[in-house]
Structures are given as structure tokens and as C-alpha cells.
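Okay, got some structures for you below.
Presented sequentially are two complexes of chain A, the first with chain B as partner and the second with chain C.
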Partner chain A sequence: MAAQSAPAAEPLPPPRSEVGVIGWLHANLFNTWYNGVLTVISLAALFLALGFALKWAFMSADWIVVVKLGGRFIIGPYNTEVACPGQNCFWRPQVSLLMVIFLTGMAWGLSGNRTARNIALLFAGVASAFAFLPYSLEAMGWDVRLLLLANLPAVAAGWAVSRYTPLGNGVRIALLGGLVFLLILALLRGLPGTPWLPSVSVIYWGGLMLNLILAVSGITLSLPIGIALALGRRSELPVVKALCVAFIEVFRGVPLITLLFMSQVLVPLAFPEDFPQNSLFRAGVVITLFSSAYMAENVRGGLQSLHFGQAEAARALGLAGWQTTLLISLPQALRNVIPAIVGQFIGLFKDTSLVYIIGMLDMVAIGRTFIQGNPEFLVNARETFVFLALVFWIFTYGMSYISGKVEEHLGVGQR
Partner chain B sequence: MANTKMEDIIICREVHKWFGSFHALRGVSTRVKQGEVVVILGPSGSGKSTFIRTINRLEQHQRGDIIVNGVELSGDVRNIDAVRREVGMVFQSFNLFPHLTVMQNITLAPTKVRKWTRDQAEAVAMELLTRVGIPEQAGKFPAELSGGQQQRVAIARALAMQPRIMLFDEPTSALDPEMIREVLDVMRELAGSGMTMLAVSHEIGFAREVADRVIMFDEGVIIEEATPDNFFNNPQHERAQLFLSQILS
Partner chain C sequence: MVNAPRVLTYQGVPVWRHIQIIQWAVQVVSAIVVVALVVWFFANIAGAIQERDIPYGFSFLSRAYQTPIGEHFIPYESSDTFLYALGVAASNTAIVAVAGVILATALGIFIGVARLSGNWIVSKLAMVYIEFFRNVPLLVQLFFWFYIVLALPPVREGYVIAGRFYVNNGGISMPWPYAPDLAVALIWVGLAALAIVAGGAVNKRLALRESLTGRSSYPLLSAFAVTLGSGALAWLVLSFATGDSPFFISTPEPQGQFGRIAGGFTARAGLLVLLLGLVIYTASFIAEIVRAGIQSVGRGQTEAARALGLSPLNTLRAVAFPQALRVIIPPLISQFLNLTKNSSLGGAVGFTDLTSVAITMTQTAPAVSIFMSIMGIYLAMSLTWSLIGNLYNRRTRFGGGR
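Up next is the complex of A and B:
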């Protein structure tokens, strides 16, 4: 039989024009004459723009303004005489940072993968590298530098704790994370009346620290609230559904700036005058609720993308309605809308800058007020904002990168 | 087949179902004995799928009675859950959970509903995967399997709850021809083991060989109910003759 049948066609190597650098260039950049022209024009434009940018960044730009901004950019007016009279309060944000880095180390120890390791080491590395900033010892003392250097042992300690103690499990680390966040808030706020931990009013919290506090609380709370709202909107109970729809439409329909103003102007009216007011808390709540409304619609989109057969199969197996939602619908729905969810997180992080309109000094406001308050730096506004943009970009790109890795891990689009 | 118990495990009396104003089931009455294998045929839109979906309450009937395994299906959620625990279902589009592995798909309901331990559920799952012929696929995700393999996993998933009744809703209609056989082989083996089965299927060979009874639906009613021999060789109803001539040609 074998001798009579035609020989099987040998697999041939692909034609030369399809492989290698030349093949790639030909296939992607020069496959037609007009693509060739476009490629040349684009390259020329790219070189011009890049050349201009690099020349500005390294020749004409004066980055000294960033150096002068210094710690103010990170913590705002937190450690000024008016915020923390007669004391040095720098160590409180620094210890907070240490705790965060410790948690990052724990996350690395838990997951044990390369992405987590890189992120943890990058965080700890950058934080401790600040210890070597070329400030004079008066501007940046040994104590500050040592606490910054301590970030390296902190990340290692976090890693070891989650590796070798029973704390190393996802739920426990998440709970610990929430606990640490509250602890940080308490530490920064201080205890009124104590000499060793004087209270620092939230109006002096500022800089990147403020952006991060608002972003972390907003991100971690808006996802669960958004999920609850999305489920509520799909509920068969008319009252629940109506309440969720009303909440979503109101918070989605009003600009965040307006909500922030309202929170400062209207909310205090609802409380007695001597009721303790906290502008940071109100801003955090508004940002969280605003983001939750969008999150709810993202999640609802994910739920609607599921084939009805999924829930049907789960019900047919005898799973209860809540089990079907929790084990079948939500995991798939969330997986399908990771890009939208992370987009919302990124938007939220950037929106934290809007708190400047209610008088809080986030990092953008710090940069702006610094320039306005020091006229000799007015010419360096460009450098300041480029630097701020870069900091925002590093954080948002980080979120984007992590979400990409999560998608890869969950096999989005593959299965 | 070889079953000697003659207890009616499914009783349907004058079942009616409307989708909006469309009258999908128009008074369906039948009984299924324990261990019986019933194949349901009929043109599309005749109500056959709707009918078997009312048996585990994926569709709610609006008039008449359905009693499954001694439990009457009504609005009572506990009754519905009790029935679903005892009735396994296999769908045309498999409906495996794509975010879970084959093993997790099978062990999910036994651990969450029957409260078995994981070890116990996994042992049963491996047994079932061996029974349907794909023990080596346990760690894979559904999307990594062929259609025939997916449907066999779906059968194993339903069997893991150790149901007394299995419903099949066109289990081979979405499969490539070369994969139909492997699924029918599993169903054949299952029928031989004494499982009570209701299958909506147009696999005539399977019906002839395995079924104890064939039911033909048309326009929401049962128009013919007979043994496979009688049904295929000597259909009484005009519509049944027409239908058979169409699918057998």
C-alpha cells in the first residue's frame, strides 16, 4: 500500500521573504510603496521628536526644581512646623512606607513568581535608593536615610514571613493589608493629647502620600461595592434593583469635581457644628462611591457577556443561586472585564489629583504651589510637570503591567 | 432494560408551558419508570427540549403536575433543589465552566452541594473520567479538549452528583460527526448500567438500540409514544411518518 500511494508532501521551509529581519521589515513596513513612504516619514518624525525631547531633557532642562521639591513632593506639608509643631514627624510616613514594603514582600513570598519579585524588589530598591540622595545632612538626616534603607530588610522580612509562617496565605495577607492600611491612617493621624504621637490634621496630609491613600482606599473598596451594585442592578427584587440603578445613575451622572465640592459644602450641613469633620474622609468616600458606580457597570457588562448556559448548568447541578453567582458567574465576568476594571483603577488614581479643588495638597498641587510660592522657579514649571507626569505614568503603567500579567495567568482569551 | 423495579420515577400530568403568549407545551402527560431509557424526537420548536427542561425546573411549567423521584415540582425552592440534586443534565453546548479545570468542573457540585471532602470528590471524579475514557485530561481546561471530550466531561460532571435520573438535551447535535460516536458509546454504557435516562436526540441508531421507548413531540403535544421497533417500522401518526421520512432519507 505504502509503495503505491503518493509520497506524503514534505513540509517545506517558508519562503525567505517571510522570515528573519528582512522578511519582517518587508512584511510589516515596506510591503507596498505607500507603506514604505509612510514608514520613512514616521521614522523621520520620530527621530525629530525624540531628538528634541532628549535635547531638552538633558541639555536645557534644569531639574534642580525637582530636587528642591524634595520630601514635600512625597508627603506634602506633613512634617512642617505648622502641621507638627515642635516635633519631627517625618518618621510616621516612613514607617508607613516600611509596612507597605513589608506587605509587598509578603505578596512576593506568597506568589513566588518573577513578576511579584520584580515589583517588590523595585519598590524596596527605589525606596532605599532615596537614602543616597545628595542632600546635605541638615536637609536629610541620618535617621531619615536609615529608615529609608530599612526598606530592603523590610521586603526580605515580608518575604520570609509569608514563606515560613502561617501568615503566608492569600486571605490572611489581604486581611493584614486592610489592617496595615488602618494602622497607617492611625499612625499618620496620631493620638490627640499624647506628646510622643501628636495628632496631625488631615489638611496637612499631602503629596504622593495623599494620592496613594485616596487611590488605595478607592481601589480596594470600589471593586466590592461595584460588584454588589452590579448584582443588585440585576436583582429580581424591585426595591433593590431600583436603589442600585438610582445610585449608579446619580453618581455616574455628576462630575467628580461637583461631588467633591458638594461633599465639602453640603455634607457638613447635615451634621451638628461640633461634629468632628474630616475632609480627607469625605473626599475618600466621594472618590470611592464615584468609582463604584462606574465599576458596577463594568462588572455588569462582564456578567452580561456570559452565556446563559453557564448559570443553567450550575443550577442544574444543584448549586444554589448565590453559589452560582459566586463560583461561576462572577469569576468569569470579572476575568472578562479586567481591562475595563484596571482602566477604572487607573482613572481613579489620576482623579485623586482633583482633591486640589477642595484645598488638599496632592502631589500636583504641591508642585504648582511650590512654583507659585518660589518665583525663582517659575521658569521651571515645565520640568516640574514633566516630572509629575512621569510619576503618574510609572504608577499607572505598573497597574497596566500587573493586569496584563494577571490576564496571562488566568488565560484570558485562551480558555 | 434489565431493570425489574417498576416504580414511576417521573410523572407528568397535563403539563402546560407558555413563553409569553406562545403555548410551548400543551398538556403533556407521561410516566417514566426507574431504569427506563426514553428517547424524545420531534421537529425543532415542537417542545421536546422545553419538556425535559421542565423536569429539573430550568423551565417553569404553569399548569399541571410534575413529580420527580417522589417530589412535586412547585414554587418551593427546597423541592427544586432536592430534585436538581437527583437529576443530572447534559446540554447541547456542553456548558462546562471554562475557568475551571476538568477536575474542578466535576468536583465543584459534589463538594459544594453534597459537602464531600475534596479527596472523596476527586476520587469519584477520577473514576468517572476513567469510565468516560479520558482520565488523562483531568488537569486540563475545557477549551483544551475536543468537543467530544468536553461532552464526555459534561456527562462525568453530571454523574458525579450520583443522580438517579439523567437528562440529555441534544447531546450530540453540536459535535463533529467523528466525535458523535464516542459520546453515544458513553451514553450506551450508562443506559446499560440501569440509569434512568431521558434524551432528546435524533440519533436513530442509538434510539433503536438502547431506548425502551420513543416519544415524538409535535406542536407541544406528544403525538406518538411507542417502542423503538414499533415507532421506526410502523409509525401510526401521519406527522411521525413524515418526520421519519425526512430524517431517514
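Up next is the complex of A and C:
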């Protein structure tokens, strides 16, 4: 037959309008007439908005408040004369930062993958880049700049320690992390009565440092508490269940700022007047409990998403009830709700800005009080809050980026 | 030697390993611990209140509040009682919550659908919106809008849009319906509701006939005609009977040498900023919920609908969206709840919401009692949202209700 004898004809190349840049444009922007209209309108809106934003950011905006507040945004009034009389306490937050960067280096050394390396190097790089800020030497001395630069060796040291010493193991690094957090709190608080480490009251802790301290403690504690509450809520014991439901519903039903305010008014009354307690601790506890009520609901959602066959199979294999929960149900449940859990972490980080209600000077409150106290900077308020929004966004977007990587690593949705 | 046969006798589990006894013990112990903690906490507080001579109790509720409330939607005088003032503040929060929920849902659905658009640039723009506004604290956004509104020109030099909307640093004034006689207005609202119900019934009946006989019966068109017709009829009858229309539209007008705006409705700066912030913030969460919900509908559903010849819009409206609602409603309700609670940040931008009024009240009344009361009010609002959500859930569940 002719078809057998003649060589098979080369298939025609696809039409020019379906491949390459034009093909992409056709498929994604102009496949129907209304999509074409939409594209044109959105492009026009985009150019208008971008043009306006860029013109504002580089021509008319005046970032004087950000420049003026600089370090205040990062540590609040921590190194002022009232907080730390007679000396400059700036080195204490800086050494804390060094320890954190060291830990990031250790995490990089442990995991050894590219994402961890990029994150660690980015942290260290940004921190040390602050050493080159064009402030005068009176405003930002050599000691400050050198301690900032030390972040680069710190990340390298962390990497080396976790690579070449027995410390490079997940559990040990986690324990070390907890230890470092407590150490940082102790370092920032200081020892009363010592001349070289005078104690600094928590009311002077502020800025991004305060946001991060509250967020880190809240994140590490709210997940276990939330898991416990979720298990309690699914328990067959009516009393335990009722207690957990009551806790979750009450904490989810009222705004965080009323809880913060209540903690400030009520909790001091419950303890003797000379009992050592402070507003930072109370705020941390309230934010943690508030967040764990939400966390409990997320974990419960994950537990409900599991097929009951999982638990039944585990029981049939002879696992005890607690083994079934810890080894079978929880790992799968938590993996299924990673986005919700990370969303709650992000929510918690954003909620740390609410401590303004009890008079603590977090990053947002620093900007706000400065503008209220100095009306000549009222016109620069927009720039201040755009800057604050960007700082928060970098942290929160980073969190969701890392969670995406973790999900990828665990193969969520693949299995 | 043969061992004597060992007789196995079941002696029961020891008491301390008996599962029911362990369960009871756990429950009793946890109940005792919690009750003891609560009792200890409140007993200490009661002791401290007596010892340090702190005012307490709820007798302040019947006292006159003596403080103005900046913005209120129901009549309020400074001589009114604390209880009434709390009610006014709660109504402020409730109105912001309801208005915010309606606007945020509309914007959120719009953005969520845009996120799923086949148009690359529309989808990316929606993504940028979501990723930015969702990840920045509401407080920062509120302050940003606050200073934007503050930087608007004063009343006399404010912007006028279409001759009816006045935008200035005092807020936005817009035309608004007012009722000269509340009773007549309420009667008309009742009749209008009836007209809507009647329209719904006509729609259902004609749609049924259309699907049974295959003859075009124009169900939606007829329903609109019935609703609008009977609503207009009721309006005319009421207007003739009372000599005044149930509602009239009041348009804002600048008056006097300072250009103060009278008439219409003025959303003052605090309310405006709070609503703007809440709506933009919450819409970014709702958009994600809508996107996830629509994506949860199997691909085959949309493909089948397209294969049957439905347009993309009709596919979304009649096939994908109704099925997505089942997934969307529970998290959506929880966003409504969050919006209601987030309105407690109103105080930061100068809106007199429940929390900010409560904080002002603590200067002249016992703080603990006030905060107990407002937490109760917030809890009641949250429970109302959950109730609405549960009712709706029951209706849209597979196999249930309908």
C-alpha cells in the first residue's frame, strides 16, 4: 500500500500562534474576547498603581521616621538611659542575635539542604549588612558594628559545630534551642545587683525583639497545648471533654485584646503583692493560651480527616490506645493540617502587635507613639506603617514559604 | 512424676488497672484540679479586692455613665445608664460586624474567583492582594488607613463625587434613606419582605414547571416582576394612605460658612477606617477559602458542565459554587467570627466600639465587672455566628434537610 511505501510525513509544526511567547500570551491572556478585555483593564490598572506606588516610594515619600527610629524599631527603649542607667546595653540583644544566628547555622548543618542554607545565610547576611548602615559613628559605634559583623562567623561556627561534633542531632539542637531561648531571656533581664549586667525591667523591652520573643514562646508552647486540648476534646471521658470544650470556646469567643486587658487587671490580684510577675510574662501566657485554643481546632480537624481504619488497624496490631494516638493518628493528622497550623503561627505573630493595649512597646507601638508624640512627623505616618507592614510581611511570608518547603519534603498530597 | 494440672482461674484485673476505674479517677482528679485552681484564683481575687479596697460588683450598671460616646447609631445621652451605654457600644460593634461581613464576603468572593481565573495577570493580581493583606497585622493596616484618611483635605476643601458623595478627613457622606414615620417604614419593610417571599415562591413554581414540561416559563423574570410589582404597589398604597412616602432619600449638603455637611449619612473617620481595614483584611482570608472551596469540587464536575454547553460563568454559578459552598461555609463563618472580634481594634483608630467604650468605662467603674460583661457580650455574638453557621450547614449537608 502507498502508506507503507511512502515515508511517514513529518508532522507539521504547531501554528505560530500556539507556541512560544505568542502561544503563552494567547493561552493565558487572550484566549477569549472577555479575557482580552480583562487583561487590558488589569494591565492598565497595574501600570497606574505601580507607577503611583513607585513614584511615591522614591520621589515623594520621606522615610525620615524610619531612619530616625532605626534601632528603636528593633529593640525598643531597651538601651535608653532609663532602662539601663550608666551604660549602653545594646550588646545584650546583639549577643542574643548572635546566639540565634548560631542556631540557624546549626540547623543548616543538620539538614544540609539548599533551602536551609539559603535561609541561614540570608539571616546572617542581613544581620551583618546592618553593620554598614550609613549612620554616624556617634549614633552607631564600632562595637555595635563589629558585633553585627560577627553574625557571619557565628553562622559558620554553628554549621561547623553541627557538622563535626556530636551536637549535630535533631533532638540535641532542639534542646539547645530551648536552652538558648531561656539564656536570651536571662541575658536580657540581667542579674539584679551586678554592675556589669544590671537588670532591665521588661517594660523597656520592645520593638521587633518583643514581637519575636512573644511569637517564639507562643509558637513553641501553643502547639503542644493545642494538641492536648484537641485530644481532650475528642476524649470519651465526659468531664475532660467538657473542660476542654469550655476552654476552647471561651478563648475563641472573645477578642484577644480583652483577654490581654483582663490579664493585666485580674491576674495581679490573684497573687500576693510581692509575688514576682511581670506584664511580659502575662502577655506571653495569654497569647499562648489564645493561640492554643485555635490550634486545638486545627488539630481536631486533622484528626477528623483520618479514616477510622487507621486507628482500628493500629489497635488490631496490638498497639495500646496512647501508642495509637502518638504513633499513628497524630503524625498523620498533623501532616494533613500543616498549612492551618502555620497559618495559626502567622496569626500569632501578627497578634503580638496587640500588646499595645497593655502599654508594651512592640514595633507597631514604637512607630505609633513616636508619631503621636511628635506631630511634626505626622505627614510621614504613611511611610512608617508601610515600612512596618513590609517588615511583618517578610517574616510572615517567610514562615509560609518554609512551611511550603516542609510540606514538599513530607510529601503532603503525594501519598 | 506428672505435675498436677494447673487450673487457670480468672481473678479479674486488679482494681488499679481496671479501665473504668482509671477513667473515673482521671475525670475526678482533673475536675478537682480545675475546680480547685478556679476557686483558688477567684478566692485570691476576692481577698485582694477586699484587702486593697478595689470597687467591685455590678451595681454601677444602673448609674449614669456621664460620658459621651463618639459615634452611635441608636439615640444616646450622657445621662443614660452604664447598662444602656454598654448596649449602645454593643450595637456599634454589631453594626460594624454585619456591614463588614457583607462587604468582606462580596470582596472576598470576587478576589477568590479572580485568583482562579484562567487569565494569568488577573490571577496573579489576586494572588498579590491575598499574600500581602493576609500577612500584615490588621493593626498596622488600620493605622495606615487612619493616617491616609487623616491626610485627606478638610471638610471645606474635600472631594465631591457625582455631587452626592463628600469625601474629606471627617469621613464619607452619602445619600441615605430616612423614614419620616418609623411605623409606616416598618410596615413597608414587612410588606417588601412578603413580596420577596412571594417572588421566591413564583420562581420555584415556574422553574419546576419549566423542568417538567420543557416549555420556557421565564421563572426569574416573573419572580422579579412579582416582587418589584407588589413592593411598588405597597409603597404607593402606603404613600396615599399616610400622605408621605415610607422612606425618602436624604442627600448630604454642605451648610453654613464652615461647610459642615448635613443630611444623608456620614460614616465618620473612625468607622470608615475600621470598616475599610476589616473588609480588606478579612476579604483576603475569604478569598483563600473561596478558592480552596471551588478547587475542592472535582475537576470532572466543571468539565462535565462545560461539555453540556454551559458557559464558564454558568458553570461556576450553577455547578461549581453550590457544591463548593459545603466546604466554604464552616471556615467562612469562623472568618465572620474573627471579623467581629477584630472590630475590637476600633479604639485604636478612634471608633467607639464595645472594647474601647469598656476601657473608657474602667476609669469610673470596676474594671473586672465591665470586662466580664463585655466578654459575655462577645461570647454571645460568637455563639450567634456559630448558630447561623450550623443552621446553614444543616441545610446544605449531603442528603440532609432538602
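We take it that the second predicted complex is superposed on the first by the 396 of 415 C-alpha atoms of A that agree within 3 Å, B and C clash if a C-alpha of one lies under 4 Å from a C-alpha of the other, contacts with A are read in each partner's own complex, and residues count from 1 in each chain.
By our rule, contacts are C-beta pairs under 8 Å (C-beta built on N, C-alpha and C of every residue); 3 or more make two chains touch, one makes a residue touch a chain.
Worth saying up front: this structure is predicted, and the values here are computed from it rather than measured.
**Student:** In the superposition on chain A, see if there is space for chain B and chain C together, and answer fit or clash.
**Tutor:** fit
**Student:** Does the superposition put A:G253 against chain B (first), chain C (second), both, or neither?
**Tutor:** second
**Student:** Based on the superposed arrangement, let me know which partner A:G411 touches: chain B (first), chain C (second), both, or neither?
**Tutor:** In the superposition, A:G411 contacts chain B only.
**Student:** Using C-alpha centres in the superposed arrangement, which angle lies between chain B and chain C as seen from chain A, in steps of 10 degrees?
**Tutor:** About 80 degrees between chain B and chain C, seen from chain A.
**Student:** Quick one: is A:R382 in contact with chain B, with chain C, with both, or with neither? Answer first, second, both or neither.
**Tutor:** Only chain C; A:R382 stays clear of chain B.
**Student:** Does the superposition put A:L175 against chain B (first), chain C (second), both, or neither?
**Tutor:** neither
**Student:** Taking the superposition on A as described, I'd like to know which of chain B and chain C A:A320 touches: first, second, both or neither.
**Tutor:** First partner only, chain B.
**Student:** Looking at A:E312, would you say it contacts chain B, chain C, both, or neither? Reply first, second, both or neither.
**Tutor:** first
**Student:** Which partner, once the models are overlaid, touches more of chain A's residues, chain C or chain B?
**Tutor:** Residues of chain A touched, chain B against chain C: more for C.
**Student:** In the superposed arrangement, does A:I328 touch chain B (first), chain C (second), both or neither?
**Tutor:** After superposition on chain A, A:I328 lies in contact with chain B alone.
**Student:** After the two structures are laid over each other on chain A, how near do the C-alpha atoms of chain B and chain C get, in Å?
**Tutor:** Nearest C-alpha pair, chain B versus chain C: 7 Å apart.
**Student:** Please name which positions on chain A make contact with chain C in the complex.
**Tutor:** Against chain C, chain A makes touches at 28-29, 31, 35, 38-39, 42-43, 45-46, 236-240, 243, 249-250, 252-258, 261-262, 265-266, 269-271, 346, 350-351, 353-354, 356, 364, 367-368, 371, 378-379, 381-382, 385-386, 388-389, 392-393, 396-397, 400.
**Student:** Using the touch definition from the top, list the residues of chain B that touch chain A in their complex.
**Tutor:** Touching chain A: residues 56, 58, 81, 84-85, 87-89, 91, 93, 95-99, 108-109, 112-113, 141-144, 154, 157-158, 161 of chain B.
**Student:** In the complex formed with chain A, which residues of chain C make contact?
**Tutor:** 23, 26-28, 30-31, 34, 40-42, 44-45, 48-49, 52, 54, 117-122, 125, 131-132, 135-141, 143-144, 147-148, 150-151, 337, 341-342, 344-345, 348, 355, 358-359, 362, 367-368, 371, 374-375, 378-379, 382-383
**Student:** Flag every residue of chain A that touches chain B in the complex, lowest number first.
**Tutor:** 307, 309-310, 312-320, 323, 327-328, 331-332, 335, 410-411, 414-415
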